[in-house]
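We call the chains A, B, C and D, going by the order they appear; numbering starts again at 1 in every chain.
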Amino acid sequence: SRFEYVKKFEQDDRCLLGCWIVVRIDGRSFHKFTSEHLFAKPNDLSALKLMDVAACSVMEEFRDIIFAYGQSDEYSFIFDRKMSLFNRRSSKILTNLVSLFTSSYTYNWRIHFPNTELKYPPAFDGRVVLYPNTIVLKDYLSWRQADCHINNLYNTAFWEIVKSGKSHVEAAARLKDTFSSGKNEILFSEFGINYNKIEPRYRKGSCLFWIDKMTEKSPEGPDTVGEFITGGACKKPRVCREITVSHEDIISEVFWSNHPQILGQDIVNS
Amino acid sequence: SRFEYVKKFEQDDRCLLGCWIVVRIDGRSFHKFTSEHLFAKPNDLSALKLMDVAACSVMEEFRDIIFAYGQSDEYSFIFDRKMSLFNRRSSKILTNLVSLFTSSYTYNWRIHFPNTELKYPPAFDGRVVLYPNTIVLKDYLSWRQADCHINNLYNTAFWEIVKSGKSHVEAAARLKDTFSSGKNEILFSEFGINYNKIEPRYRKGSCLFWIDKMTEKSPEGPDTVGEFITGGACKKPRVCREITVSHEDIISEVFWSNHPQILGQDIVNS
Amino acid sequence: SRFEYVKKFEQDDRCLLGCWIVVRIDGRSFHKFTSEHLFAKPNDLSALKLMDVAACSVMEEFRDIIFAYGQSDEYSFIFDRKMSLFNRRSSKILTNLVSLFTSSYTYNWRIHFPNTELKYPPAFDGRVVLYPNTIVLKDYLSWRQADCHINNLYNTAFWEIVKSGKSHVEAAARLKDTFSSGKNEILFSEFGINYNKIEPRYRKGSCLFWIDKMTEKSPEGPDTVGEFITGGACKKPRVCREITVSHEDIISEVFWSNHPQILGQDIVNS
Amino acid sequence: SRFEYVKKFEQDDRCLLGCWIVVRIDGRSFHKFTSEHLFAKPNDLSALKLMDVAACSVMEEFRDIIFAYGQSDEYSFIFDRKMSLFNRRSSKILTNLVSLFTSSYTYNWRIHFPNTELKYPPAFDGRVVLYPNTIVLKDYLSWRQADCHINNLYNTAFWEIVKSGKSHVEAAARLKDTFSSGKNEILFSEFGINYNKIEPRYRKGSCLFWIDKMTEKSPEGPDTVGEFITGGACKKPRVCREITVSHEDIISEVFWSNHPQILGQDIVNS
């Protein structure tokens, strides 16, 4: 039609080549959403698992995602730096991920919350960030995991103090000006809690990545081995890959040297 | 933490001031989705109404949207050109809209498809386009409505021919190289269908916009007057606004002069 | 060669269609440059004329420039909003203008400063700004002319006070906390200067735009009529256009209604 | 003034952190410029040296430039990837470089072309390109040097054939469909020219980079050691750095391992 010229107003938003593409998704106003849906405090296991499931849907669909990290109401997805999906168009990548994540969260709600009606549709914001090398990419992931640690340590101590009979104001006052060590000490001496023994999921968040799987038999039906959430759709017989979820420390280099395949070959001298 | 520097890699993506911000959302692979969920052909009334509901959720939440237009698996949202939501950050605007739309679509599915299980979570892509003046903005909307018309006329004729016993290949061949008039003629002479009498919703798509409403009583509960879908949340007593949905021609100037409040004051000489 | 893939790292930077493209150029460290080359204070006539000449070179070369405005060490160039030069690529437009402006300034230096050796090559920075409608475009130009006025009034008063025997510190103290009216008053009562009688060039800056010219004879050689700086290269006999330079008020609408051809047809209702 | 709001239309264009920033400058319509100013063919020594001088002006002024490479009518400047000049604003970096380069070229013209009047002011375009790692950065430089080689080999052969009495058309026909080896062979067997013995400047282009210099005496006046073009302005006594120009192969790794300080520490694992 004679109106087609308006399509030319669309602007090119392709991501710089050679960079790691990170998409971070975060729940919109989840302070209210978690409160309205009575999420357990400080951590709601069902809610966190539902986040992992939504993230797995995204990884299953967008196979160029090599790693995902989630905590609280957020998830970060890392694309291979050579990725060419959607011609690297930022908006296409971003909206497809955010939309599928949201949809899967809403779709799978009742499996994880069979007794809690979803009162209104939840939403997530999202952004694309580019990281030009592996050092800054790892620092990005460390940033999110450090955030998880800081918040969780605080929240764990806060709610223990509240459970012990104090008001929110008193709990906050008690924790003000304490360092990590102080909060650990309060938990241990006052509540008998060794913070390092708390669920890794709560302390470390969730790491999703692909591992190769050798199967004797042809891969039909969902193969669930150990902690594997999903068996994916194997094309080649006997060798396929599936997503594993773990709750490990990714700030330390140990994780990355244990899983050298995730970020792939070093670009020497880059 | 010492990792916080990575936040500086986020790039500013604010939309140019003074422009109309348009967000267009489109179903991802809805060819497959509509087929798997057995949507009626060429138009599924429930599906189209579900789209409208999802769009209303978005408008209710983001009150700076002054107009929305939907057809097929897509919806366009127009923000007031003075809008300052999210500081006009493109990604924030875009992802919040796409996410809420998707969520509402999934959430409201079973109301509109009580007998059809949702097989998998649907997803939508989205993009932001800026239009610097009202002429190009109207041409944008005309482009989408012309697209609706062209597709719907074709599809209506196609499926009538198929219903009459022809194969898909034969129907396509019959319509190849016909103009609008030819398709109208086939519908009328062969199937007794006056295309202009077909449901306006199918021919014109859906237009959502706000109209003021005077209420005698304090606005509690959902006020549904006439075709109004939603009563919104009125803050001031006695005067509030609600979304109306109509299926009018927006290519002609008549619509805009009948509703001068939608696009607001002309910028004289601009 | 096998290295050609690196060209793909170049990013698309085309200017949004339908917007006025403004390029503003500003002298780099001209505080130092004007001082080293002993520019007259507060205004150096030769220097300002040299700026106008450089701007004319740019307009002669890039014929889609419809208007230019200069003052102090800066010049703004306005492109027609339909302009398609360099496919509207921002960097190409910007660098070509800045480079030619700089080159012409350096090249023509000795004509305007026959007795002052150019000590080192001067440089200018530049930026592209998009304005979506004529109102904001005019406000942009008003902003620059208001800046000219404010600085020139201050500088005129400042240097008169200094000439009268005061120190720089004393002059600054005298002017601190005065309004326009106060500075006008000082100039008039203490120095007998009616500010409004000062050279329009100094008070208003320079406006360059095209005017049509009818010529009886074929346009060979430089036709200089009245204030016209340049006769350009006329292609069609008897009708050509040339740049005129004036020093008028462009904040008032009078200027624009006197020269309706500059910004062209209104986009009605835009 | 009330017009200041228009400044908010300027858009943020900061370069992604962590990337090498490359600015490439290229003569505008130098086909015409070189012809009008009767540049020697295929290479004009004065012209190439003038380019080097202009590039040195730029490096002296913008000390974060770690390397520059020039050939034909173009020059590329590489900034340290940690560079924070102008807050990494793309337009500011770009226009300052292009403008100073152009100005220096025009300013120094008559030193290098004492017998050729500059007919009109020359101009250069420019662009910013980001390279996220050292491999692609080196490939970028290799791309430019390979371009130099390909063009120079062709041009050298072409003009030898022309000098021998053939027309331009005949020379072009002779070279069509030849590879590098073929052109080398023609040069050697028909004109007795060993291409590898031709001036390195013509075959390899110019590489500018900083080298440290130890001086016994305090560094006053231009210290010109060996091939050094410029002594810069040393701040610390006894240790300063100056620009060296060389015409080496930068495609091979040898150059980079001989000068490890240029690109600096590897980012291990990046």
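One rule holds in what follows: a residue touches a chain if its C-beta (ideal position, glycine included) is under 8 Å from a C-beta of that chain, and two chains touch if they have at least 3 such contacts.
Since the model is a prediction, treat every value here as computed from it, not as a measurement.
At the interface between subunit A and subunit D, over half of the residue numbers involved are used by both copies, so each side presents largely the same positions. The angle of the rotation superposing subunit B on subunit C, based on CA atoms and rounded to the nearest 5, is 180 degrees. Work out the mean CA point of subunit A and of subunit D, and you get 46 Å between them. Distance from the subunit A centre to the subunit B centre is 32 Å, each centre being the mean of its Cα atoms. Averaging Cα coordinates per chain places subunit B and subunit D 53 Å apart. Among all residues of subunit B, those that touch two or more other chains are 9, 11, 16-18, 130-131, 136. Under the stated contact rule, the graph of chain-to-chain touches is complete, every pair of chains being in contact. Those residues of subunit C whose C-beta lies close enough to touch subunit B in the complex are 16-19, 130-136, 266-270.
Across the complex, subunit A is touched by residues 8-9, 11-12, 14, 16-18 of subunit C. Within the complex, the subunit D residues that touch subunit C are 1, 3-7, 9-11, 25, 28, 57, 91-92, 94-96, 98-108, 118, 120-131, 136, 139-140, 142-143, 146-147, 150.
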